[in-house]
Each structure stands twice: as structure tokens, then as C-alpha cells.
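Input: structures, listed below.
Below are two complexes that have chain A in common, paired first with chain B and then with chain C.
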Partner chain A sequence: MSLVKERAGIRTDAPPRTPPGTRRGALPRLWHFLGFGAPGLLVYACFVLAPIALSVGYSFTNANQFVPRTRFVGLDNYTRLLTDQEFLTALKVTTILTLIVVIVPNVLGLAVAVLLDRRGWFYNALRGVFFVPVVLSSVVVSVVWQAMLTDDGLVNTALRAMGVHSPPGWLSDPDIALYSVGFIISWQMLGFCAVVYLAGLQSVPQELHEAAAIDGAGPWLRFRKVTWPMLAPALTINTVMLLITGFKAYDHIQVLTGGGPGTGTTATLAFSVIQTGFTANRTGEASAMALLMLVIVAVVSSVALRFLQRREVDF
Partner chain B sequence: MQDRQRTPWLRPVVALAVTAAFFLPLYLVLANVFKPGEDISGHPASLPWPPTLDNLSQALSRPDRLFWNGLINSVTITLLSIVLLTVLSAMLGHYLCRSRSRTARITMLVLLAGLMIPPQVILVPVTDILQLTGMMATLQGIVAFNVGYYVPFGVFVFSGFIRTIPLELEESASLDGAGRWRVFWQIVFPLLRPATASVLIFLGVWIWNDFLNPLIILGPAGGTTVTVGVYRAIGEHQQNYGQVFGLMFLAALPVLIFYIALQKHFVKGLTGGAVKG
Partner chain C sequence: MNRIARLAVPLTALTLAAVGCSPAGTDAGSSGAGGKKEITFLTFETPNLDAAYWDAAIARAEAKVPGLKVKKLVAPSTDRTGYAKQLLASGQFPDVMISVSPVGFAESGQMAPWTDKELAQYTFPHSNPIGGKVYQLPYNTQPTPLVYYSKKLFAEADITAPPRTYQELLDDSAKLKSKGIDPFVVGGGGKDTFASSYLWTALVGTDVYKQTPDWMAQRRAGKVAFNDAGFKGATDKFVQLVKKGYVDKAGLSRDYANTEKAFLGGKGAMYPMGTWFATAGDKSAMKDDIGVFAFPTDDGSLSVPSYTGGGMSVSAKSKNLKEAKEFALAFQQDKANLDAVVKSDGAIIAMKGYTPPAGMGPVYDATVKVYDAAVQAKGVTNAFLVETGDDALLPGLVEKSYALAQDVIAGRKDADAATKALDEDWKKAATQ
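Then we have the complex of A and B:
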């Protein structure tokens, strides 16, 4: 949502005018900056910009808690990462997880929104239920699903009662665990998407539907040609939000699988950066990994944003 | 898209069934909070009748005071962070929106880029900076980090609103002799109330729910928040689900009450940008 408005805001910036109380002079302007601008910027600089700059510095060294002398190693960390099996696996895991997290809540959220797009307390209450996981912390959500999905959890108990002899290890089978984690994050984000789509649906003027119906369009055609184009801004917000959610997913993985089962089957980039940086204390390598992750996040989300916003314009 | 007249009951029935399926995991946890331990494994899906408060009192009376310590820390961190964030980002947003310089515009872009930086990217050097300033494993440390990390969101929300406030209003107040400080706090800030509500609500919930940042910055030494407390409790005894559920329920309760009371604001704040025009 943020990026969308930000761009719109910048385009529609008011024409330059003299702000109130502006006297020409460097001193009043300095005071204005020190009073209003500086405090917020200073904290941002200390805890976001400086850390990124430090990361760049670290990433060219072999900084490591267990190696006493830190020295400059040039691009070694980067070149090693690009051939490192663990890193490439993390890249693959991140891609799969992000794809699940972008697609599943978008599709199911739209379905739920269409289903609940009616007035009245009944539908309001149901909408409220779908939004509950969004306000819960991901740790709570993960523990809830852990109780459901562990090997002798509620789901498998139910499956055994129905006569399934060896139900799958939802979180313990290396081939399944990643999909379970993706499903759980999707479950948490579904309500977010549904609420955003509902707001979009309610902005579609009734006359458009009536006009299309008079022209003989059936429900599917009306959805495809009238509703769906009007939902373009909602799709943009949801997709960008979910992309970032998928990339930075950490809490669920830490609670549910700890990066396993096996070696790194659910360890995303975000997870590996923390593991390498804090558990293994390989600061240099973790910094290089973090910066690569930052570049990937920035490129993918701005390309997606650009593409989705272009779609919004032509209908 | 009107419902077909033949089956008017179909939509509510399907809607109710889908919602019930969606809610099932939460129901199971909620029901088991009020059940004695042996029923949790024995009859997980049954209604908690008669309800028992054993799990809650167990969670509340842990000898290590995990919940109470976490609660004090969570409340302190969340309140301090959101008050500071509101004040600083309202002022910064106003400053950047009303400055017409190129520098201000570029600064705004740099700030808003912070919206998509995952915390994992900066946490390693952040701990170094906190160590250097002696704020590692302290509440000041996590509050300072929260302010820096979430200030882009605050500025983003506030500047959207500030742009809708006519400049004439500020001009006439300043012609009447009010200084910048007074113009901002007495004229502009009260008009920003919807934005302030969004910032307080969203950041309040996010910071309360934060897991990774307090886990790393507070560390084992600096205490725990309620959210991290839930994680610590599952690490200890995976078996005692009753107590973990109780703890979880207590940790989520403030957010849930907050959400139920302010549901409209949540949805409004969230969907502001979803509708064209």
C-alpha cells in the first residue's frame, strides 16, 4: 500500500510555494530543520542507513567472531556465496515460499471477498473473523499450527481416526515442510487480502453491473470485464505486501521448523542471514548475504510495482 | 451480481461453512485454553465444559514470572515506541512535505525506501551500533531501534494526510503571529487525527507482535516481551500445551481486545489506498 501512494503522492505534489513563516535566511531555516526534520532523520540514519553502510563494509571482510584478525577480502564473500550450495538452496527455498505466499492468499482472498461481498451484520462478523490472524503475532499463529500439524498433532490424529495408516509428517518431512510453512503464512495473510479486495469490490459502481447485465453479460463475464479491472489497485497492494512478507518470513520458520527438517529445507535467505550472522557469527558472510537479499527484494518489488501499476492505468 | 432467487440460502450457508473451516485452528486452541491438561490430548475438539482456568493461572504463576516480566516490557516498549514515533514522524513528515527543496524530495525517497527493508538485512550491524552506544540488551535499545526502523511508515502515513491540508490555513495562522512550533501543534497536528490513529494502531500491533527484533536486541540477558515469552515457553516443555496455550491467549488478548474495539479503524487505515480515486 505504501509504495503505491508514495508514487501517486510524488506525482501530485503541490506546486512549489513558500511555506508559511519562511523568512529568507539560513538561520531560521536551520532552526526549522533542527526542530522538525533532524530528530526523526537522525534515528533513521543511525538504525537503518548506518547499518546498511556498515554491512557494505563488513561484506568485504572476513569478519568472524572466531577469527581474531579481521582483514579485507575484496569480493570473496560474494563470489563464494554464488557457488555455495547452502546459499543457492536458500535462494530456491525463498523463491518457492514467496511464490506460495503471493499466489495462495491472493486467490483465496479474492474468493472470500466475493463470497462475503454483501451488506449486513452477518457478513461483517464473518469478515472480522478472517482478519483475526492478521492482528495475531506470527509466533502465536505458528504455535497454533504446530499443535495442528506435528506428527501426532490434531490433523494426523483425525486422519488416523479416519483410517489413514501413516499420515504425512507435515512439518517433519523434508519434501512437505516448506509447503506447510507457506500454507500457514498464507492462512495468516488471507484476511488481509480479503479485506483489501472487499474495499475494492465495494468501490465498483452498481450501474456498471446493471449496464453489463442489460447488455446480456453473465456473472462470469461481468466479473471478468467489470469487476476484475476495478480491482487492479487492490491486486497491486496485496501483491507487493505479500512479496515483502514472503521475503522477510522468519518467525514462522524459527518456530515451526528451525530451518529443517534435514539441511536447510525451509531455510530462506532471511533465515540464513540471521543464522550465519548470529548463530555462526560469520559477520562478513552474513553481511554479503544480507546485501544480496536487499538487492533482490528491491529489484523484485519495484519491478512488480511498476508492472502492476501500469496495469491499473489502462482500463 | 444478484443472488439467484431459487437459492437465497446458499450464500450464507457457504460463507458460514468456509469461515468455520478457516477459524477451526483458532477454535481448537481457544477451547483448549479452558480445558484440563488430560482433555487436551484426549478430546482436543470437544467444547471446554465445564471450563477451567487452571491453564491461565499456571501461566500467570510461573516461578520465573515469564508472563509478568514480558508484559511489563511489552507495555513499556510499545507505548514508548509509538508515542515517540507519532511525534517524530508527524514533524518529519510535515517538514519534508512543506519544504520545496530538491534535498527534501530526495530525503523523502530515501526514507520511504526504508519501507521495504527487511529487518534481517540490518540486524547484524544494528547490534554493533547498540553495543557501541551501550544500549544492547536494554529497553532503550529496542525502543531506539523501533523508532528508526518504523519512522518511514509513520512519515508515509502522515505525509499522505499533510498534503490534503490547505497551506492557507498555516499561512493565516502564521500571519496572526503564531510561530512554527505553535502552528504545527495547535493547527496542523489536531487535523492529522485520522493519520495519528492509523499510526498508533498499526505500529502498536506490529511492535507488540514483533518477534525477531526483541529476540535479538534484548537477548537472553535483557528480558523478554510477551511474544518472545511464548517462544521461550515452547522451547522449554513442548509437552505442556495447556500452559503454552494459556500464555499465548494472554499474550494475544490485549491485541484482540484492541482489534475488536477499533475494528473500523483497522480496516479504514488498511484499505485507504485500495480504492481508486
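Then we have the complex of A and C:
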């Protein structure tokens, strides 16, 4: 063996290479990874993990930023929240809003993507137009829509000009306001969904369409049997992103309705957390609300992710 | 590479510890550019008090405190108290702040009290005390609300003089309604939910606080409740105004700026609003068409809910407390600043010897006349939802009340439901 190595020009006195994963190479490799990973890990620890850990701690106390003595209250905050009508209403409002925000942009985004799945400068320009709201600040979007949806705004002025005597109070009617907010968030997220679906559409192999066409499949059948299954990863991404967007909705609510009109209409969980923590000063209770919200988002997102990933297929 | 990595880890940690994880905001104890001491000052912007107003006012007061540099902070909405709480929670509590309700901050030792010597210049030096101490300079009286009205729309409805009794108000509202004119313009949309509550504030003033000036102190002591006959009766008047169609429900979609615009655009005849509206009224094309009256009582006596305060508060933990106080006093006592806030925000200055600048507009002059008459008639009361200090609602209840006022305007709650809900919220706030 040694002779063979010598003939091949391989030095036999050289130290053998440490196979990956052996103890001798582990420490330098650890330093190596830490060197690159440390900045990100530290930022993540400071701004994500530490606040979550603090919130967990606060949630078991009666913490109030204006009351110096904080007392451990065990699970009191949690048990109270689970029977608190205001919290349950906020949960219901958040669920309805999330359903709107998940369904509307997904359906319309897919339709827009199918329409934009063409070549040419015009379609490229349109893709840009649809994506503009995504990059705008939520506050800017909300201010613009609020100006359009107030009673004296563009929409109702146009409706009155068309002969509608009592146009809807888009943001002032307690029965409509939540749907208006849902529509506005959906409008902003539409471009995101369309772009993700468009990327999915463009990755479907042409030969699959051709094979299906040869087998006699029409456009609708090809969409249902070829395109739609191949869009499963895009649907997963969009659904999970929209679920999170819906559950954490705060800024649109703050600008458009301030949680109103009236009680229990558009105050989402995120909005209620801020109100409880910073207006009513009940930091402990707000932390418990935030953690319950975190758990709900994590569970719903995980279930959705698992369910949707099962649909994904590889060709 | 390993050597680089070994160096990178501690360097990154040190850098983040020194920069990223250090308390954000201005280090109040540090010296700014040119060796000056730097303090932060929390302001808020409105259509009347815009950025240019604050910049000029700060520059004038800054010039009176040598060696001081002031960094302006602007609250993202008119809820500067909520923003101050966020700043406190994140370790960025400003050194000086204006129009921030001291409730909570004062009791927890975050704000420094003003001494009698520092308050000597003020007409009502002991307004809104907390535990007997004053934490906010009482420089400005704001009757909230008075009722501004369009003389032209009143004339169109054959109303020759503003109402003096509540019955006359109802009669005038009926006349306006019969002419297709919305009697009351209200707001409350978006972030400015407060603008929905002023009819309620007015009615609690005329029907509750006028008879029982310490009503809220009694509520704090548990001697009265919102669902009691008196308070519920005042709330029911609000409900009835809505039921009769005298309150424009569309207002719930309008933020404050759009509400003001709606009244100035002739969308309704009466506008219950704080006296800061006077300036906007005087700047408008219809300034000679705007009149003002105190919300009428049943017997025609004068009752004007008012709030005196609104001034500067100082952080007790400011590393430059002396300079912060000097700046705050200089800001509030500077004649040019006071004139500017009178011109821009229609303030009624509550300082001894102060006279408003000449050439104020007719709406401001009429406003001051109504207030002076109420002072003469001893008809000034606290303003429900505006009062602070020992007379204020418990934390979080003001915002709940705005939502309840919106419920009333939207026709979702009657007086019984609204006052019961307020009692429930009170109970919850008191026990947690």
C-alpha cells in the first residue's frame, strides 16, 4: 500500500487529513461558523429571543410600567384572557380578517398571475404596477385609502355622482369597516401573491403542457391537472405569508379605524396588545396576550404549512 | 481564516454591545456637538401646530438656556401620552414633553413636580394635581367643547340666535334637519377617535359636573357609578341626539383634519370642538360666518367644560434636569412662544399679566368672550375625558370611552349599555 502511494507521488509522512466531523476539526470549524454567524445570531438574540423571553416572564406577573412592585401571578393572566369577552372578540375579529387576507389575495393573485404570464414589455410593466403597493409603507397605503373611503372621499363622491343616495360608510359603518380593512390589506398583498404565482407558472415545464395537450386535455383540464399541482409550493408560500400578515395586522387598523368604529369591530389581537400594554399600562396582561397570539400564529402556520406541503409534487 | 474568525467573534460582540444593544435614543447625559448639553423634547403636530411652529418655538427657548441643545421628537399621532409610554418602556423617555397626561408617570416617579416658585406665574397654579403636586405647567386653558356654528346655515333654517337652553338646541336642530342640514358635524375616524366624544363631554359637563364638580373624585372613591341616574341621563341625551338624526354618523370615517374640513366645507351647522379650532376658523374663508356658544344647559345657565394644563412636563430622571426645567419654563414663559401658540392653536393663556396679541380673528375673539362669560358666571367645569390628575379616569378608560361614544353614534349602544360597559371597564382597570 505504502509502495503504491510512493509511486503515485503521495507523501506517506504527511499527516492524514482529518475527516469531517472528527473531534480534532470540530473546534476550528466551530470558530469558523461562529465568526460568520455571530453578528446575525447576536442581533437575533438581542432583538427577537430576548424580548420573547422577557415577555414570557412578564406574562406571569402583574407588571405595570407605572407600578414599581411587580408580583408573580402564575397563570392568572392566561386564565382571565381565555374568559375575557374583549380578548375573545379580538380573536374573532383577527380570524375574520385573516380569512379575508388569506383568501382574497390568493384568488385574485392567481388570476392576475395567469393574465400576466405573457411575454412583452407591456406585461413586464404591468407586473411592476401590481407590485408597487407591496413596497409601499402600510401607513402610506392606509392614509391613501382612508382619504378615498371617508364619506366625502373619492369612492362615495363617485357613487353619489352615479345616483347612489346613501353610499356605504366604508370605514364608519361597524358592519362594514372590518371588510374594508381586509380589502385594503388584500389590495396591498395582491402584487406579492401575483409575483409568487407568476414565478410558479414560469417554472412549469412546457413539455408537461405539451404532453397533456397531446393526450387531449383542454386549457381548463391542463390548468387543473398540470398547472395547479405545480403551483403548490407557491400556494404554500403565499398562504403562510398571508396568514402571518393577517394575524399581525396593526398599522392598517391604527390608521384606518383606530380599532373602531365602536367596540369590538376592527380591534385585532395585535391592536389589543398595544392598547392593553401602552394605554391601559397592563404590561403583564399584554405580554400574555402577545404570547397567546404567538402560539396561535405558530400553530395555524405550522398546520397550514404541513397540509399544503403534502400537496406539493415533484416531476 | 480561523484567526480571522477568532478575532471576528469578540469584535462583533463588543461592537454590538457598545452600539446595537445600548439604550436607544439620545443619551441625555452626554454633551452634544460643541460641548452643549443635549435634551430631548417630545412634541406633536397638528394642522395648527405644524413642524415650522415647533422648530421656531424651540429655537427661541433654546436661545434662552445657554449651552443647551434640544432634540425634537414628534409623536406619530395626537396620542402623545401613549407614545411617551412607549418611549418610557423602551428606555427613551424624553427629558421634556408637552401635553402629555402625567397620570401614571407622576405616581411612578418618572416626572419631576413643579415647585410653587416655578408655578408663581400661572393663573391657576394648582390645576390637575396628582397627590397634591403639579407635574404639568398649567399654561393654557382649553374649553372643550364649545359649539361653533355656521351663521349662514342657521339663517337658512330661520334661526336668529344661538340656543341658550337645551330645549332650544333641540328645536334648532329640528329646524336644521327639516331644511336638510345636518345639525352636528362630529369626527372620530382613523387614529383620531377622540373627535367622536365631544357631545358626550359637553353633556356630562352640563348635566353632571356642573351640579357635582367632584363627581369623578366620587367615582374614584366608589360613591357613584356611571350607570347612576345622573350620568346615565346625560348619556341618554347624547343617545337621543343620535336617534333623532342630529349627529352625522358619516363623521366616524373622518379623522380630525377631515372633520374640521367637513365643518368648514358646510357639511353641517354645528361643530362641538375644543377652542383650538378658533385659529383654523379664523384662517378659513368663512371666518365671519362662524359663531360660537356654550353647550346649552336645561335652565340656560352657563356651563363650559374646560381643561387648564397642557404644558410642559419634565422627566425626573433626566440627567440634565436643571437645564430641562429651565428650557421648559423658558418655552412656556416666552411671550413670542405664547403669542405663537395663541395665533396657531387658539390657546387661552392662563398666565398672569398675559395679553393676547393684537389682531386676533373674530372666531378667537368670540371664543374668549364665551369663556370669560363662563368664568364670570362661575360656570367653568372639568371636561369629561379631558381632565387629568386626581380627577381623571383610570388608565385605558379614555380610549374605551371614545369607542363607546362611537358605539352611541353608530346606534349600537343605548345609555344603559354604554354606562354599564364603562362601569365594567372601570372595574377591570381598578382590579388589575
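We adopt the following convention: the second predicted complex is superposed on the first by the 267 of 315 C-alpha atoms of A that agree within 3 Å, B and C clash if a C-alpha of one lies under 4 Å from a C-alpha of the other, contacts with A are read in each partner's own complex, and residues count from 1 in each chain.
In the analysis below, contacts are C-beta pairs under 8 Å (C-beta built on N, C-alpha and C of every residue); 3 or more make two chains touch, one makes a residue touch a chain.
Keep in mind that what you see is a predicted model, and the values were worked out from it rather than measured.
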| item | value |
| --- | --- |
| Contacts of A:211 with chain B and chain C, given as first, second, both or neither | neither |
| Which superposed partner A:303 touches (first chain B, second chain C, both, neither) | neither |
| Chain B versus chain C as contact partner of A:174, first or second or both or neither | second |
| Touching partner for A:39 - first (chain B), second (chain C), both, neither | both |
| Touch count on chain A, higher of chain B and chain C | B |
| Which of chain B and chain C A:52 touches, first, second, both or neither | first |
| Chain B versus chain C as contact partner of A:67, first or second or both or neither | second |
| First, second, both or neither for A:122, with chain B first and chain C second | first |
| Touching partner for A:82 - first (chain B), second (chain C), both, neither | neither |
| Which superposed partner A:112 touches (first chain B, second chain C, both, neither) | first |
| Doubly contacted chain A residues - partners chain C and chain B | 32, 35-36, 39, 43, 46, 146, 254-255, 277-278, 283 |
| Chain A partner contacts - residues on chain B that touch it in the complex | 1, 11-12, 14-16, 18-19, 22-23, 25-26, 28-29, 44-45, 88-89, 91-92, 94-96, 98-100, 105, 107-126, 128-129, 144-145, 147-149, 151-153, 155-156, 159-160, 163, 167, 170-171, 173-175, 179-181, 183-184, 205, 208-212, 216, 227-228, 230-231, 234, 241, 244-245, 248, 251-252, 255-256, 258-260, 263, 266-267, 270-277 |
| Residues on chain A engaged by chain B in the complex (per definition of touch) | 1-6, 9-10, 12-14, 16-21, 32-33, 35-37, 39-41, 43-52, 54-55, 58, 112, 115-116, 118, 122-123, 126, 128-133, 135-140, 143-148, 154, 157, 187, 190, 192, 195-200, 202-203, 209, 219, 222-223, 230, 232-234, 237, 244, 247-248, 250-251, 254-255, 270, 273-274, 277-278, 283, 286-287, 290-291, 293-294, 297-298, 301, 312 |
| Touch list for chain A against partner chain C, complex | 28, 31-32, 34-36, 38-39, 42-43, 46, 62, 65-68, 146, 149-153, 169-174, 254-263, 275-283, 285 |
| Residue ranges of chain C in contact with chain A within the complex | 1-2, 4-6, 8-9, 12-13, 16, 20-21, 77, 82, 85-86, 88-89, 104-105, 107-110, 188-193, 196, 249-255, 258, 261-262, 265, 267, 395-396, 399-400, 402-404, 406-407, 409-410, 412-413, 421, 429, 432 |
